[in-house]
Amino acid sequence: MSTTRLEAFSDGVLAIIITIMVLELKIPHGSALIDLQPLIPIFLTYALSFQIIGIYWNNHHHLLHAAKEINSKIMWANLNLLFWLSLIPFATGWLGENYTQSWPTAMYGILLLLAAGAYQILQKTITKEKSDNETKGKLSLICYMLAVFLAFVNPIFSDLLYASVALMWFIPKHIKIS
Amino acid sequence: MSTTRLEAFSDGVLAIIITIMVLELKIPHGSALIDLQPLIPIFLTYALSFQIIGIYWNNHHHLLHAAKEINSKIMWANLNLLFWLSLIPFATGWLGENYTQSWPTAMYGILLLLAAGAYQILQKTITKEKSDNETKGKLSLICYMLAVFLAFVNPIFSDLLYASVALMWFIPKHIKIS
Amino acid sequence: MSTTRLEAFSDGVLAIIITIMVLELKIPHGSALIDLQPLIPIFLTYALSFQIIGIYWNNHHHLLHAAKEINSKIMWANLNLLFWLSLIPFATGWLGENYTQSWPTAMYGILLLLAAGAYQILQKTITKEKSDNETKGKLSLICYMLAVFLAFVNPIFSDLLYASVALMWFIPKHIKIS
Amino acid sequence: MSTTRLEAFSDGVLAIIITIMVLELKIPHGSALIDLQPLIPIFLTYALSFQIIGIYWNNHHHLLHAAKEINSKIMWANLNLLFWLSLIPFATGWLGENYTQSWPTAMYGILLLLAAGAYQILQKTITKEKSDNETKGKLSLICYMLAVFLAFVNPIFSDLLYASVALMWFIPKHIKIS
């Protein structure tokens, strides 16, 4: 069994996840610029989650290149990852409307941790080689855990931490971060 | 006519079915942890249906490998399967909001029976060989029928039975279950 | 430019059209069997439109096999077809809630005529050969025109005519219908 | 890394963007022809945005043919383009309900400018060759800027300008426009 169809299905699911999030941006009733103001935090969390799904898509792509054939275990590990990622639109919507509240902020981080854990499982199922992005992956996990904790101190710190992790992935590999 | 485009179209439809179900998880108005509580049954039925669609995707993939070319009959049989599967988001939503009620629970099982029947028809149209998952397939059918019946005794029994069937598909093939 | 990506994009759009129609099946508030009753006409129009999109997908697939390369004209003709088909979920929803009313019934037929016209244009752009389904195509056009007219006499006649056309496409090619 | 999966993912996202816009066409409560009247501007903006996404899909297709391999920069530049395009359903919905108002009209143009800018970046990342559609691209940018300005004079002028740009892309390449 080749990787082609697993990639096609995953691409489909990721494309839908990344796009249906935009449905949370409800069209305002008024037509003034000010009517867009309440949408700003929802827009920013949308942009953040778009970027996170984009990172997953990119890493997923590289990871599946390492797989020579797909067995039953890889398929379930992949479905497990897609499941947690499919909840990101929900967590994004809740965070966007409550970005100053502890639980929505913490829950977003918990979901990112679950997705990251599912990715680790998929990676270990596919290859024993270490990922090129080993350091970034570990750093992300630590930041997410910290953000979940900080959500109960000041959720804004967590929001900034989520954004920092997303930005970190833009830094090219050959620049050492540790 | 090759199987490529039939697979691509089916993958697309299955990817959308599996993802739009998450839209039933409406974002709560409050921001406390307790506000997520009413969503728990909806989340659990979502997870169940996600797993069921995942199983169909996996089996569908293996089945189409057995097909050498696609004729008109296979195409209609495939469309018939996709039709019943496309109703799963609806049945999932109804069950999620009424998991202790007889009819929503029974209807979920009836739909799973119809989808399973459509899968049998597709299988017979494609190949005369028996499936590797023959035993699991038959056991699933019996459990679904039992669950539809039990929905009028105690719907919780049916819900547990649906979950058990989904879990059964995780057991690797080489472990004998009968 | 090969046909691969045009097929992939069209498959994607058709897969989404066929699946988002199911969102019109709103989950009932009650949990009794009777609560599903108002959904019956909506379910039936959904089944009808699902079948119609399925026919288009099938024919589209065969048509693009005849194309050796894709030029700008083919691309626009294809986009034109997808545009009219993308309105089917809207027309289906309006018909489903008003299947005894003249205008929703007529509008459904008018949209089918527009889609059929767009398909004819695409066909002529791709190939000068006659389609295998020439007779069925013409018969469909006549029936749709008749249905639009009948919508102002008795919409139920039109609904039955739409269903008959969809059923006609199941008849294998080698059985002569004229 | 080949272009195949980047194309597949982009096609998926573009197919979803082009299709979910139709969800803004809410089914009217009445069943008379007159009930469709308030939907006319929403329908027209839908048709406009459908055409614009179609143009992007077409150009995107040609652009990626020029790419021999996909590096990290191309991937991010592509994701950046998809991000701005994913906001088109929102801007379309706001414009459709407020096509005589300045800000919704201006915002639509600003978004088109951002998407066009993202496309320029992607193009420069992929190839140093000039695009075949260089003139049309530049003309579009000028028209969008003019439309944003005109939105505060008379939004209808802007709407007509948006439509003119979309129509311009139908003109075959070999007819000189300058």
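All chains are identified by letter, namely A, B, C and D, in their written order; residue positions are counted from 1 within each chain.
Throughout what follows, contacts are C-beta pairs under 8 Å (C-beta built on N, C-alpha and C of every residue); 3 or more make two chains touch, one makes a residue touch a chain.
Only a predicted model underlies this, so the values are computations on that prediction, with no experimental measurement involved.
Farthest chain from chain C (centres taken as the mean of C-alpha atoms): A.
Annotation: the chain C:chain D pair of sequence copies touches via predominantly different residues, less than half of the used numbers being shared.
Taking each chain's centre as the mean of its C-alpha atoms, chain A lies 37 Å from chain C.
Between the CA-based centres of chain A and chain D the separation comes to 26 Å, rounded to the whole angstrom. Chain B has residues 8, 12, 15-16, 20, 23 in contact with two or more other chains. Chain B makes touch with chain C in their complex at residues 1, 5, 8-9, 12-13, 15-17, 20, 23-24, 72, 75-76, 79, 82-83, 86-87, 89-90, 93-94, 97-98, 101-104, 107.
Residues of chain C touching chain B in their complex: 7-8, 11-12, 14-16, 18-20, 22-23, 25, 27-28, 31-33, 35-36, 47, 50-51, 54, 57-58, 61-62, 65, 170, 172-173.
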